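Okay, got some structures for you below.
Each of the next two complexes has chain A plus one more chain, namely chain B in the first and chain C in the second.
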Partner chain A sequence: MTYYVTTLLVYAAVDILACLAISLQFGVSGIVNFSFIIFQAAGAYTAAVLSLPRDTANGGFQTYILGLNLSFPIPWIAATLVGALLAPPIGLVVLRRLRSDYQAIAMLVLSVIASLVVTNTPAFLDGAAGLALVPQPLSDKFNPYSDGYHWAYTAGALVLAVIVFFIVQRIINSPYGRSLRAMRENEVAAKALGKNAVAMKMSVFVVGGAIAGLSGAILVGFITTWAPSTWLYPETLILFAAVIVGGRGNNYGAVLGALLVPVGFEEATRYLPTFGPPGLIPALEWVCIGGLILGFLWFRPRGVLPEQRRVFAARPKPIEATEQYAGRD
Partner chain B sequence: MSLIVAAFGFGLVSMSIIAISAVGFTMQFGITNMINLAYGQVMIASAYAAYAVNNAGVSIWLALPVGAVFGAVFSFLLNRLIYAPFQRKGTNLIGMVIISLAVSLVIANVMLPIVGYYSVSYHQNPGTTYHLGSIALTGAQLAIIAVAVVVMLAIYALLRFTRLGKAMRATAANPTLARNCGIPTARVVDLAWLITGALCGVAGTVAGMNSDSFSVASGSEFLIPIIAASILGGAGSPYGAMIGAVLIGEMTEISAAIISPEYKQVVAFAVLVLVMVLRPQGLLAKRGALAAAG
Partner chain C sequence: MPVETDALAATPAADPQPSAERPLLVASHVSRHFEGVRAVEDVSIDVLPGRITGLIGPNGAGKSTFLAVLAGTLPASSGTIILDGDDVTALPAFRRARRGLVRTFQLPSEFAQLTVIENLLAAAPTNRGDSLRGALLGKRYWRADENRLVEQARDLLDRFRMSAKESDYASSLSGGQKRLVEIMRALMLQPRLLLLDEPMSGVHPSIVGEIADYCESLRDDGLTILMVEHELHMIERMCNPVIVMAQGSVIGQGTMTALRQQREIVDAYLVG
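And now, the complex of A and B:
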């Protein structure tokens, strides 16, 4: 029971982090990052290979690079950094000159290719089999199988999610966030006002990448395995579904979406009686995710908790109506 | 060396398949301003439609038109029922990309329980193998090349010599102006989806014929060389897509011979990245991928 609840909460924390990042990129800034999941994967792999011992340990049943056996906070910090550092090279190719829908398909193709490369290069990150037996943080000091450890891990993950929530909240409420929204609404106008759209997109890409990397590290530290099958490109679409359902551009919406879609779906199918041939339920689940996106974009494109319309608190005093403006108000 | 020459021969087949599919993909984009990411899934669905007929004992060559008709009707309905309503609603480009990806996911997963998880292959007789130096191609492969040549000529004739082709080009260039000149753009768009859908169906079926087996998962594999060829040639330009298909087809097959077949798609992707950095508008198109065009 403890294990069930803590697993649920850790997944919730990871999905909340991911949805906050997507909400910042897609909801606030209008960048459709279809390769989002590879940032999470990069973080997870980084945390894994930094905390695993050399690949000759454990009888050498898996092959991977590094294997530095570093202790706790370092792999997580490195995962965050790698997520952030992965953003500039991708952003430089994709975000500079391309039209917005091209950016999206370029990143989609990148996501497919990255998974292909990792799968076909066993010496790099153990190919399709993936990494297993990743040591859990501080497992040398505490017993990672105890209830207390699970609860502590969950609490840590949730605290990180809350911290990131406030950071993202801070970003989108700042003047900088206002510039981001201006860019989303009308990029040409934002540029005309002297805003550097490429730099703004790039910075959002980096921040989102860092959050994604951290979320990957949290996840892999808990489930201790990571393989290409966990980061196929449709996974990104689930997160987009979550943000669209919750309400893009609204952090509360992102949290709600994370709880409703990735977490909710996983839990709903757990209690469903098995029916049909094996694989039918996952297939139907994907159909529902697709249907959810289409349905929400059609009926409620702004989501359950729409982004707040930002208005000035006090209206400036009306200017004396001159003849020119009379009757316009 | 003979290995590379042989790969060149396979490249001819690859480029034929990519050309048929990429021309359809790029025309959908050019005429309707819509990147249809469900294209690969429609290809696979058509391949399975042809498989159903083929499995009932009909020759694959007679099943090919079935695949084409299926692809045409499927694409037409997809546009009428989903894409066009969203476009009318004013959904932006980004929204449309997300929608088409969601549609692709739905198609793939509706198909899975129906057609099953295992790969299937057509019942076909590859025919005698013809040799030219180190190039060895089966009769079926030569026929695929012939189909591609015929289709390319037909598309050229359609766009160059018919009123419909002219109307399509006008609609692609400026839909509002075309409508104001009395061109029934709605009907042109419908016909464009039917024609490109038929190309998609033919491409799916011949792709299935050329590979040992295919499954639902092949849909996204198909899409990468198609996107690469379309963007390389200049998105929206059918002739550009043909040039792109020739280059991508040969490059992927020759690199498969030199490096490893697993990295075929990676080569296609590397070309895509180079094009996006150096010439985002592609070889032929004047605007296309560049920002602020649409």
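And now, the complex of A and C:
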């Protein structure tokens, strides 16, 4: 039971991180990053190959680069950096010249290409089989199979999610967040008002990439395996569905969406009685995810918790003459 | 071939000597082609400081395209654009805006899901919190700038009698109010040259006069405006000089009174 609950909570933390990043990129800034999952995958692979020993260890049953056997937290820090550093090359290709709808298509294609490349180059990250036996953080000092370790890991993951929540909150509630929202509303007008839209998009792309990289590291550190089948492009669509349902541009909405869709909805379907041919229930899950996106875009496009209206404190009222002189005579 | 008039010399006595004025903006031989379509062809104009210059012409004359080229929204196919002595031809729109060359748009371009005051604040150029670093440093780092700019925005809202709408989403405003928001937003940048693209189009007649009043008041404060507009009676009231474009080229310039005497211009545009 402990393992079940902690697994659920770690997934919740990972999905919350992912949804916060997508909310910042898509909800606040209007960037439809359909390649989001490759940033998470890059973080997971980085954390894995930095934690794993050389691929000749464990009987050499898997092949991969590096295998530096570095101790925690270096693999997680590196995963965050790799997620961030992956953003500029992709951003320079996709964000500079393409319109937002073409950006979305280009990112989707990129996601598919990345998956195919990793799958078909086994010497790089063990191809379709993926990486296994990834050492868990601090597993040399603590027993990673103990309940205490699972709870500590869960607490760590949730604390990181909370820290990232406040960082993203700080960005979106700042004047910079306002400029990002202005860019989302009308990029041409924002440029005509002196906003460097490419630099702004790049900055949120980097921040979102870093968060995605961290979320990948947290996940692979817990489940200890990572393969192309875990980061296919539809995974990004689930996260987008979560943000759309929860409320784009609102961090609380992103958290709610993460808990409702990738965690809650997918978990609830586990308890359905089996019916129909094998694979029917997972297929119906996708139908429901698609239905959720369409339904919310149609009936409640701003989500369950819409972006908040920002109201500034009123000017202090000028003191009336009668008040000024009251009691003087 | 542009029809030159001596209308500028014939302007009222109170008008400064145009020949003595250094143009704020000089566009020389500016062209903009779209795959063979010559939307703007070899246009040269001077925009004099402290005036409202009108840019008129029939639909499809290339006025809005020319304005977009001046603002950098569209790159010029050829020609040069000099702003206050500096060549800005190669600069993208956001850099031109930061140098004081700010435009509004023919179609409403408000930031719909931002409130009215946020629309204004989003345009403010000098907020320490308007960068990723500034945002991460927190409210204490940018609060003073924000408070100052909120005051500046509220002063503008007062001036344009839009204070009551401060916290309304811009999407909920009427067409005329959206135009006013766009003008106020541009003013937050403290522009040197304001390019207005049909600020009175699609606006209720009662607000047309109001927009004209505001433009004149801004001019009286020293702001230079280049305005594309079809409301000829307002152009006549506010603008001096007026430039006429047709088929991508300038066909004449001067005061409206003088332009009405030019047969070619009357035939091309000023029917009636």
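The rule we apply is simple: the second predicted complex is superposed on the first by the 314 of 329 C-alpha atoms of A that agree within 3 Å, B and C clash if a C-alpha of one lies under 4 Å from a C-alpha of the other, contacts with A are read in each partner's own complex, and residues count from 1 in each chain.
Criterion: a residue touches a chain if its C-beta (ideal position, glycine included) is under 8 Å from a C-beta of that chain, and two chains touch if they have at least 3 such contacts.
Quick caveat: nothing in here was measured; it's all calculated off a predicted structure.
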{"item": "Fit-or-clash call for chain B and chain C when the two complexes are aligned on chain A", "value": "fit"}
{"item": "First (chain B), second (chain C), both or neither touched by A:186", "value": "second"}
{"item": "Contacts of A:73 with chain B and chain C, given as first, second, both or neither", "value": "neither"}
{"item": "Touched partner set for A:195, first chain B, second chain C, both or neither", "value": "second"}
{"item": "Chain B versus chain C as contact partner of A:53, first or second or both or neither", "value": "neither"}
{"item": "Touched partner set for A:148, first chain B, second chain C, both or neither", "value": "neither"}
{"item": "Greater residue coverage of chain A in the superposed arrangement, chain B or chain C", "value": "B"}
{"item": "Smallest separation of CA atoms, chain C relative to chain B, angstrom", "value": "6"}
{"item": "Shared chain A contacts, counted only where both chain B and chain C touch the same residue", "value": "188"}
{"item": "Chain B - residues contacting chain A, complex", "value": "35, 37, 82, 85-86, 89, 91-99, 101-103, 105-106, 108-110, 112-113, 117, 220, 224, 227-228, 231, 235, 260, 262-263, 265-266, 269, 272-273, 276-277, 280, 288-294"}
{"item": "For the chain C and chain A complex, residues of the former touching the latter", "value": "71-73, 92-95, 97-98, 102-103, 105, 109-115, 117-119, 121-125, 127, 129-132, 134-136, 138-139, 142, 145-146, 150, 154, 166-167, 169, 185-186, 189"}
{"item": "Chain C-touching residues of chain A, taken from the complex the two chains share", "value": "167, 170-171, 174-179, 181-182, 185-186, 188-197, 203, 207, 307, 309-312, 315"}
{"item": "Interfacial residue positions of chain A with respect to chain B in the complex", "value": "30, 32, 34, 93-94, 97-102, 104-106, 108-110, 112-113, 116-117, 120, 187-188, 233-234, 237, 240-241, 244, 276-277, 279-280, 283-284, 286-287, 289-291, 293-294, 297-298, 301"}
